[in-house]
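Here come two complexes built around chain A, the first alongside chain B, the second alongside chain C.
Then we have the complex of A and B:
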């Protein structure tokens, strides 16, 4: 500990500081998560948005400490209920997984073991964490099946994953994740593989569960519509970093980062026929060979508009702004660089 | 599950029907069987009258379908015909020699499965470790060496060099130590075969999403492997093991030959060289029955293990 100031704030449930998760591949070190900070308050829904490959899922797996070979958490702290998860032993971590922090995933059907019934897989969580008799846990499983809205739960408890629809499988996953009334639910693209109508139902269920159980949710998605509907706070991720963070109203009303602006511009709006859909040109940078400056610079339209030279050379800091923060040279000055927007704040 | 079982039994009966048809036709595969039945000196030809008489005696003058019907009704009554060479019932010959083969086969099977599964699990759990890599190299070597050579090498090492198992009379295998070398000869390559397959299926299963789910539940690595990975990875091994047991039970030809154990395998090989067709047909039929029924058992076990298989059309 460096001092009192480094201790996590009391009102935070989960605080990630300077997390770096890198993958050591033959082609080089892939910096999938490269120094992110996140804060989650109790009962809050924190949305984590970004394109595929930006490091959203790796961030969530890092919190669970389930990053597989060749990935490794190389730096950072993840404070949860006052302790740094990254300093816990495997056994201590196993007592947190599925119990205090749970996770649900994309493609729920493949996330359930094909050779066991759904009910058995839900009961297993309680068998691991409660020490209660198995029968009791089975009864509770039935209650959970009812709670997550599975029709005909007495029968469906015996159903195998291949006998379930995607929506049902995700409900079973949610029952499993919430069985221990965790403090945090990490939902990694929970509705991406589902039909649109089912998506809405699953989102409703997650929202209900949060209200009933008081579980905070980290919602990972590439779908800004889902974010608008669900999240209180949003973090926008790009190439392993968080580029903008704000509460949901602020983000949608006044997106600051050019990437966020691009993402919002790429959503088709009903009733408004604008000819072609706006897209962000270019592709996500190679996470092995990252540009020295801002990672979004090669694709950034604002940089050209304002003729900024610094973007290619130096990485901007995450700068706090009202209701959030942004990592962009448009809003901060440096020696030899005058922020073109908000210049009055250049000296902070 | 019941419908699945019945369907599988039905398939087995069809398989056996075609097997009997084929083995029956075997009798005509290498010329007129009557000619083999008549003992002649080299260079001499049996008279046409004698051939006709033998044909009549063995019913070979009847139309094919009549002969087949008779063959089938005999089989159903447990009569596999008489050996042309020993002039004794084939079933008696097989029953006499079966205990030797059965002891050998079951011992080989159990040893190779236990060793193979334990080895496979430890290799998969310690992927890319020195243990794992040594295991792979050793497996490839053992699988590549022909069985008879392993047998001879084992005899050389244990009997000639170490002086063990010296007083073993292989023609009357009774005690445990008489089985050690023959069992090792076949079980060594088989167990590493199982180990390699299981290692691969386990490593594939470990990459599955449900394994990540199990870990996210708070299950530790070892429990995850044993409870979630293994049941999935064992499915192909069970199928393999079923066919292997049947194959072993119908004669471990090479070991029986190398160690001179009078089992079914040796009998079938001798019968083939002597053109003792009823014995050949009998052993082929028994092989089919064993392989078919043990395969059925394996299928039923895999269906128990993996619910998805029960639904297959």
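Then we have the complex of A and C:
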């Protein structure tokens, strides 16, 4: 009965608590995801942003329970529609994957099976999850192809992945993901492999689909531009942890964490022709051998500016602030450490 | 990129009618060609950075490689300092190659995994027989320091480095022969944002120091705009617009450029509801590109002539700012 008190609030669709996914390799334990908390509301677009190796993809694979050897979810809970996904049997999980939660990936062409037509692969999803007759599902596939804007759908339904462009293949993936009207769509770098004009088409499509079908989206990307266009809520990841979380306006207007500030300063913005870009010095830490304190400390310019000693020694907590939270010693005190800055005030 | 240093009006490279057609399987009687680059002409001035931007398959990489004679052009001329590069052979070609170097997209793929990086940096010097081994060693250390690496890195192998560091090694290697021109082919697109900024700043510093001329090829308009003095926009093997970087951003005349600019996600959530022009459809195949203007099947402004006759690059300058555009309806209206 202790589960009762832990059930997520009613307005949450998906809640991740203290998720840790580690990879047990020959070189040591890679802490790819190391204690993250996330909450997704219905119809919300939650952006997960960070650089390569920060654990954003492993987070999404953990939600789907698709982490393969040598990786393992070592701790945490993932509540979806009142049940902990991590406690389900494989058969129960199969009924959720592709049905209640589905996923699209970065390389659409390599995620489709090359020996079956796109249409058949979309129909298969419905054959598995619905009891409906095959020809009814085929009709629905045609509708889906039309819905996701594939030109000439009657013909394209028979096309094989190699006969499609990258943009078309991603549309087929989206049709497949949305076939069962899932509650949650996880989009892992859905436009990174696509050209910018095609990227704009696909982002528009994801936005439309959310409005029409009411699907909540977890959007994983390294591109802050895409986040600004799409997300309602944003979590910034660094070295396996969430370092800052806020609604999208707040994050871009008043970023608190030095890493978020650095990321925003490092992107070239159109119309500001010349000038030197702000740089985050150094590289991301080795996930096997992490620094004991704040993981960003070795690269942090603010730490030097304020002469903070604690950053190297102790990990800061995720501290709630107005419209979000931040994990940084600049905004929290500890014995022997006085926070040098006030965060955004939390008034609600 | 070179706001702090003078860009001379001295042309370093003149490209004239450069064309590359790759043969592909066709029918028995008719051979098909991929028209990767089709009759492209432009000039790069000493000390400037010319950005070349376009989507995959537009021919930007083929163009860069032809200019370095890494692939042979089908027709056309590349004049480097007045000398025709395309007709060079043997020894003359080898000597010439010192002046032009390249930095590539995939830093892992462009380095030899079995050779210590230090040796790779100065391999060019060895091939061209420049300096004694001792001098080459000193030059190697100097180059590594210049790109922000340490002496002990010289003995390591590529797999021991991160992507950003490998790209720095690639840059050191390109600098070794003291070239005058460097073709940067998507040098930062494989890198993370924070590392990308480091490499862009490094390229800029080096340009100021050595008076280098760059051609900067990329698909990311933000990056191109940030580093370039002038920008050429390519579509299906053709340059459709060429102008100063501020100019092309403020006054894009070709509908494709307008669409490209408006498709870029802007890192500011307040601009999310802005009016945007989103192109429909995909880029057509370069094997049988559309007749007339190659952009016309996707162009919202297309009229009858666009399907019939190909527009030439023509001067559309305003207030003395250079601006070339190939469009029948350039300047008439904008669809954004």
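In the analysis below, the second predicted complex is superposed on the first by the 335 of 348 C-alpha atoms of A that agree within 3 Å, B and C clash if a C-alpha of one lies under 4 Å from a C-alpha of the other, contacts with A are read in each partner's own complex, and residues count from 1 in each chain.
Following the convention adopted for this analysis, a contact is a pair of C-beta atoms (placed from the backbone, for glycine too) under 8 Å apart; a residue touches a chain by one contact, two chains touch by 3 or more.
These numbers come from a predicted model, not from an experiment.
Of the two partner chains, neither chain B nor chain C is touched by A:47. Once the two complexes are overlaid on the shared chain, A:71 sits clear of chain B and of chain C alike.
Taking chain A as the reference, the larger set of touched residues comes from C, when chain B and chain C are compared.
In the superposition on chain A, A:119 makes contact with neither chain B nor chain C. In the superposition on chain A, A:151 makes contact with chain C only, while chain B stays out of contact range. In the overlay built on the shared chain, the residue A:198 is in contact with chain C alone; chain B does not reach it. In the superposition on chain A, contact of A:111 is made with chain B only, not with chain C. When the two structures are aligned on the shared chain, A:167 is found in touch with chain C, with no touch to chain B. Shared interface residues of chain A, touching chain B in one complex and chain C in the other, do not exist.
Residue ranges on chain A touching chain C, taken from their complex, read 51-52, 151, 165, 167-168, 195-201, 203-204, 222-229, 231, 248-249, 252, 262-281, 283.
Those residues of chain A that touch chain B in the complex are listed here as 64, 66, 90-91, 94-99, 102-103, 105, 107, 110-116, 121, 124-125, 128-129, 160, 162, 173, 176.
By the touch criterion stated above, chain C contacts chain A in their complex at residues 1, 3, 55-56, 162, 164-165, 192-198, 200-201, 204, 219-223, 225-226, 245-246, 249-250, 259-272, 276, 278-283.
Those residues of chain B lying in contact with chain A across their complex are 208-210, 212-221, 228, 231-232, 305-308, 311.
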